[in-house]
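For clarity, chains are labelled A, B, C and D in written order, and residue numbers in each chain start from 1.
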Amino acid sequence: MIQRETLINWALFALLPATALIALWMDEPFIITLATKVAILALAGVGLNIALGLGGLVSLGHAAFFGIGGYAMGILASHAQSYAPLMQTPVLIEGTTSMPVIWLVAILASALAALAIGALSLRTTGVYFIMITLAFGQMLYYFAISWPAYGGEDGLSIYVRNGFPGLNTLDPIQFFAVAFVVLAAVLFFAGRLARAPFGLALAAARQNPERVETVGLAPYRLRLVAFVLSGAVTGLAGALFADLNRFVSPTMFSWQMSGEIMIFVILGGVGRLFGPVAGAALFILLEHVLGGLSDYWHVYLGGLLLLVVLFARGGMIGLAAGREVAHD
Amino acid sequence: MSLILLIEQVLNGLQFGVMLFLMAAGLTLIFGVMGLINLAHGSLYMVGAFAAAAVAGLTGSFVLALLASLIAAAAAGALVELLVIRRLYDRDHLDQVLATFALILMFSEGTRWVFGSFPLFLDIPAALAQPVSLPGGILYPAYRLLIIAIGLAIAVGLFQLIARTRIGIQIRAGEADREMIAALGVDISKLYTLVFALGAALAGLAGALVGAIQSVQVGMGEPVLILAFVVIVIGGIGSIKGALVGALLVGLTDTLGGVLLPPLFATFMEASSASSVGSSLASMSIYILMAAVLLYKPTGLFGSTT
Amino acid sequence: MKLKSIILAAGLCAMATGGFAAGHEGGVKVGMITTLSGGGAGLGIDVRDGFMLAAKMAGNDKLEVVIEDDQRKPEIAVQLADKMIQSEKVDVLTGIIWSNLAMAVVPAAVAQGKFYLSPNAGPSQLAGKGCNPLYFNVAWQNDALHEAAGAYASDTGYQNTFILAPNYPAGQDALTGFKRFFKGEPAGEIYTQLGQTDYAAELAQIRASGADSVFFFLPGGMGISFLKQYASSGIDLPVVGPAFSFDQGILQAVGEAALGVKNTSQWSKDLDNAANVEFVAAFEAEYGRLPSLYASQGYDTANLLLSAMGKADVKDADAFRAALAEADFASVRGDFKFGTNQHPVQDYYVREVIKEGDVFTNKVIATSLTDHVDAYAAECSY
Amino acid sequence: MTEPLLQIKHLRKAFGALVATDDVSLTLYPGEIHALIGPNGAGKSTLIKQIAGNLAPDAGEVWFEGRDVTPLSTVERARAGLGRTFQISSLAMDYTVLQNAVLGALGRRGTVWRFFRPVMRDADLRARAEAALHRVGLMDHAHKRTADLSHGQRRLLEVAVALTLNPHVFLMDEPMAGLGASGSKRLTGFLDDLRHEAPILLVEHDMDAVFALADRISVLVYGRIIATGTAEEIRADPLVREAYLGAEDAA
């Protein structure tokens, strides 16, 4: 029997490309751009959800990885644009405009950062963890603002979107396809992850770390690996987001960005695989509907968020699917 | 750098630290007693500043303005506690972070709705607008000395309140054991509202005091909020003593870092890039301090180890 | 598909725009992206109000304006620009307040064949090597007000001014701009943190430096904080700054602390020309407040556009561009023309902060630079 | 006699002025059940925590299978073969009964770094988990959410998870608590057999079970072991009668 939540997930998932295709047919390229934005922000949320939903790690510093991914793209592409190599000694490293290469670099760079930040932060728990991740995010934010080499506060503009073999990424629908396929692949991976041995142990460590220790597994290492995977996915989303805008700036590192990524996860439902997709879609929709209604739309957004937190604890998918069912 | 300049900068760090303490004390009390992370604390700071500016504009009295900041922030705090916050006590930190993040959005845009987009005017009283001479030939703004004095007085008052009074006993009992306090026959929800309003009033007062020498504008609370969090995390969440020590540490590190690092870098770098690199590092310095403290003691300097 | 044209670069712009001629014959659709919510919303609101006032006064029903809020976030601005170009199919973009947002939006927009009229930001990249035939700046190149301040400081006889600005690109440009026209030697040069609100440490350094005057560029709340703290620090040196910290919207929040400060600007409410008198009166009547620098720039931007609409069809990009370049409109600043890089060649004034009744405002006391051409114009070639 | 599998040497732990563990030495030999009894507050839980590695002793050593494990963490001791059950059930409450057991089997296997294959379709792990559930009689409840189990069933699940680990020594903290008379009796029978797989250090309040099961009994009072011996010896010990059994009026 197909569970109700699974049904909702697939419906949601299909909605995104359907929207993009209808927009293509109606010649509304901006709607495609919005759908692309949803896909990319959802990807960032899926990344956070690995740490937050599965591992119970409330990171208020995921903008750090989002920003690192963004700057990986910005730095590589700007060097390619100006034909100035990134590094000459000891090995020659040149910039690139190839998306797969940029993604790889973004994933590696943000995973590395997550390893360092996680190794230090995971020594703490609870509020301390929330605050230390916030502090690391702020550290990178201030660094990015005052680091003149790549534009400082002004950020970096990349005038032409990076390339993907065989595709014209400047065509909105083709870029959407790229982002959507990446999202689908990561969702598939995250779904498998949650059911794999690692996911079982990680989620157990969230529910009861003592239990996990007693069966001879170290929660710290489980969490660290989860944090690294989570950071890597969010970093990948950052690289795509930078490509969507053809622009990176330190605001990608800001703590409001961390808050927004967290909002996508919560709006959709913490720990639910497709939660971030629903959350990001709703957020973007609200931004455009409410933003058109009033200059003060943040008031309504805040009110809505408050209602979700207070009265709809499973998020939107939780509301629609009813109580979470344990499954094995 | 001359000694006089250095002493003056230490005073500046002290003043900044004392102001941070007013913010951090409320945050840490609220966490200690209710176990709540309140991101919207910065909004109460902003409410205090706006109330003070509005009242000062109407009456011209700075004392009334300070009073208004206390009352308005306490009232806003109590209201928010009654309507929203009390539903969050049994929730996990994640829900608290989100709900209070939502409150920030509402407070900020709501204030802009009421007061408009431009900064408001709030000035210090003329009597304090001149610097005073300190021993050793140091000229120091009278108003900043006043902030230091008020801050220290409040610190002493808070310690007394917690050590000596009935409410203090209840607060300590609440920190130690939430069930015990109910067993003592204390109306726990009233106590919570009271503590929240107290914390809010302190934040509001800080907003008004600082608003008079800075600018009263929407969003003024967030940078201070983050610093206040750094303070209580360094000091140990729930500890008033920790908040005081943490606030002074952060205040001094931030001020002295900004003053000392650029010339330090200038000793081995070209002047203008030294200034730029030095001030970048200075702006990161308190976060580095915080990370270092947490690595050494994962629950802060005065935090309980459990 | 429209976006493909980016690859084809600027040379093919005219053709790309030509493809969308259908729809509004002789009309112009303007997309205004500006900051209407969050911090700094006051500036965007003034630009918008100034622009819309001019549009209303002209009563030209061929001008259609779409307004969107960028929340001062570059990412949002870029997405709005995509929306304006892809969905709204606008002909002209305008409205951006901040240099970093302009740098994020303008290069891509002009590459897609859209005109961009800047009502506020003037980053040096767009004035020099990165200049573009479709980009017009109706306000100033970013350095200009600082250059004017430097020139004024030297004219007044200051020898060692203490200079400070936030540590970000516009701040670095500000100090460079000041020094370009300042003949003395700065007594000290400090970069503060962006968003810093307490300047006690800097004030102590100013006091200890032995400077004879102070120049600062601290936009928004930073300037308010600095001035208030400066006033009570006991330092009694003359202060010079660009108009941003002394403008109509912000001045009331600074209060007495600003009285007597000299600031440089290309516009002032009391400039005595017919267009300005009409503008100030109309703005007060329409919105019930005094116009700001930003409002004047928004107003001029609209009038520039309207003047070009009277001469050419926006679909004929070359003709429309030529019409814009003529700058054939009555600017509230008095004389106004474009230089070779399509940035203003104009006079810069020195204003002093005064009190008129209960309201703090500015009056012009001197002219600092006449027919000033920005420092980057020579690097621009199309 | 053979070498003891678990040997506690002069363990000491103080919290301020309160000495919770005072020079405690204990041994556990293959095939035996060694019961640890004592009144509430005698320091049994503190002692168990030090043996399991949750709490570092101030002085003394814990030896396991001939090596000093005092510096090892809980995780390392668990991997070395120390199977523990908790006084208050410590389980992953959102998981099903089977998932909890599979978690134990996973810990036994030791390789958790598998990110792709669904763990619940791993035949090996599942077989091991189901066998353990079967042994404690929880197989009928395998797909129930752990939070929905009765108190007694959770105690059994604790034991089942410990079984999946195939430990060399069991460390059981009051496994009978809350089981009720019939459940208690069943578990007593079960533990009686289990000692041949691995010896058990048993902390228990249920005196019937203790006297029925234990090869040796140690009595802990105020952090000190006042007597160790067979059931008969303990019953006869005047010190024990005075300090402990006297109060309970043991049979």
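Keep in mind that, in the parts below, contacts are C-beta pairs under 8 Å (C-beta built on N, C-alpha and C of every residue); 3 or more make two chains touch, one makes a residue touch a chain.
To keep track of the chains, here are their UniProt names: B = Branched-chain amino acid ABC transporter permease; C = ABC transporter substrate-binding protein; D = ABC transporter ATP-binding protein.
Here the structure is a predicted model, which means the values were calculated and not measured.
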item	value
Maximum centroid distance from chain D, chain identifier (CA atoms)	C
Inter-chain centre distance, chain C versus chain D - centres from mean C-alpha coordinates, in Å	75
Distance between the centres, which are taken as Cα means, of chain C and chain A, whole angstrom	36
Distance from chain B to chain A - Cα centre to Cα centre, in angstrom	32
Whole-Å gap between the CA centroids of chain A and chain D	44
For chain B, residues contacting two or more additional chains	108-109, 112, 276, 279-280, 283
Set of chain C residues in contact with two or more other chains	37-38, 41, 167, 172, 193
Overlap residues in chain D, where contacts from two or more other chains coincide	none
Category of the chain touch graph - line, ring, star, complete, other	other
Touching pairs - complete list by chain label	A-B, A-C, A-D, B-C
Of chain A, residues touching chain D in the complex	189, 192-193, 195-201, 203-204, 207-208, 210-218, 222, 225, 326, 328
In the complex with chain B, residue positions of chain A that touch it	52, 58, 60, 120, 123-128, 130-132, 134-136, 138-139, 142-143, 145-148, 255, 259, 262-263, 266, 270, 296-299, 301-306, 309-310, 313
Chain A partner contacts - residues on chain D that touch it in the complex	52, 54, 73-75, 78-79, 84, 86, 90-96, 98-100, 102-104, 106-108, 110-120, 122, 125, 143, 145, 161, 164-165
Residues of chain B defined as touching chain A within the complex	31, 37, 84, 87-88, 91, 93-95, 97-99, 101-106, 108-110, 112-113, 226, 229-230, 233, 237, 276, 279-280, 283-284, 287-288, 290-291, 294-295, 298-300, 303
Contact footprint of chain C on chain B as seen in their complex	2, 4-5, 8-9, 12, 15-16, 108-109, 112, 116-121, 123-124, 128-131, 139, 141-144, 210, 212-220, 223, 255, 258-259, 262, 271-272, 275-276, 279-280, 282-283
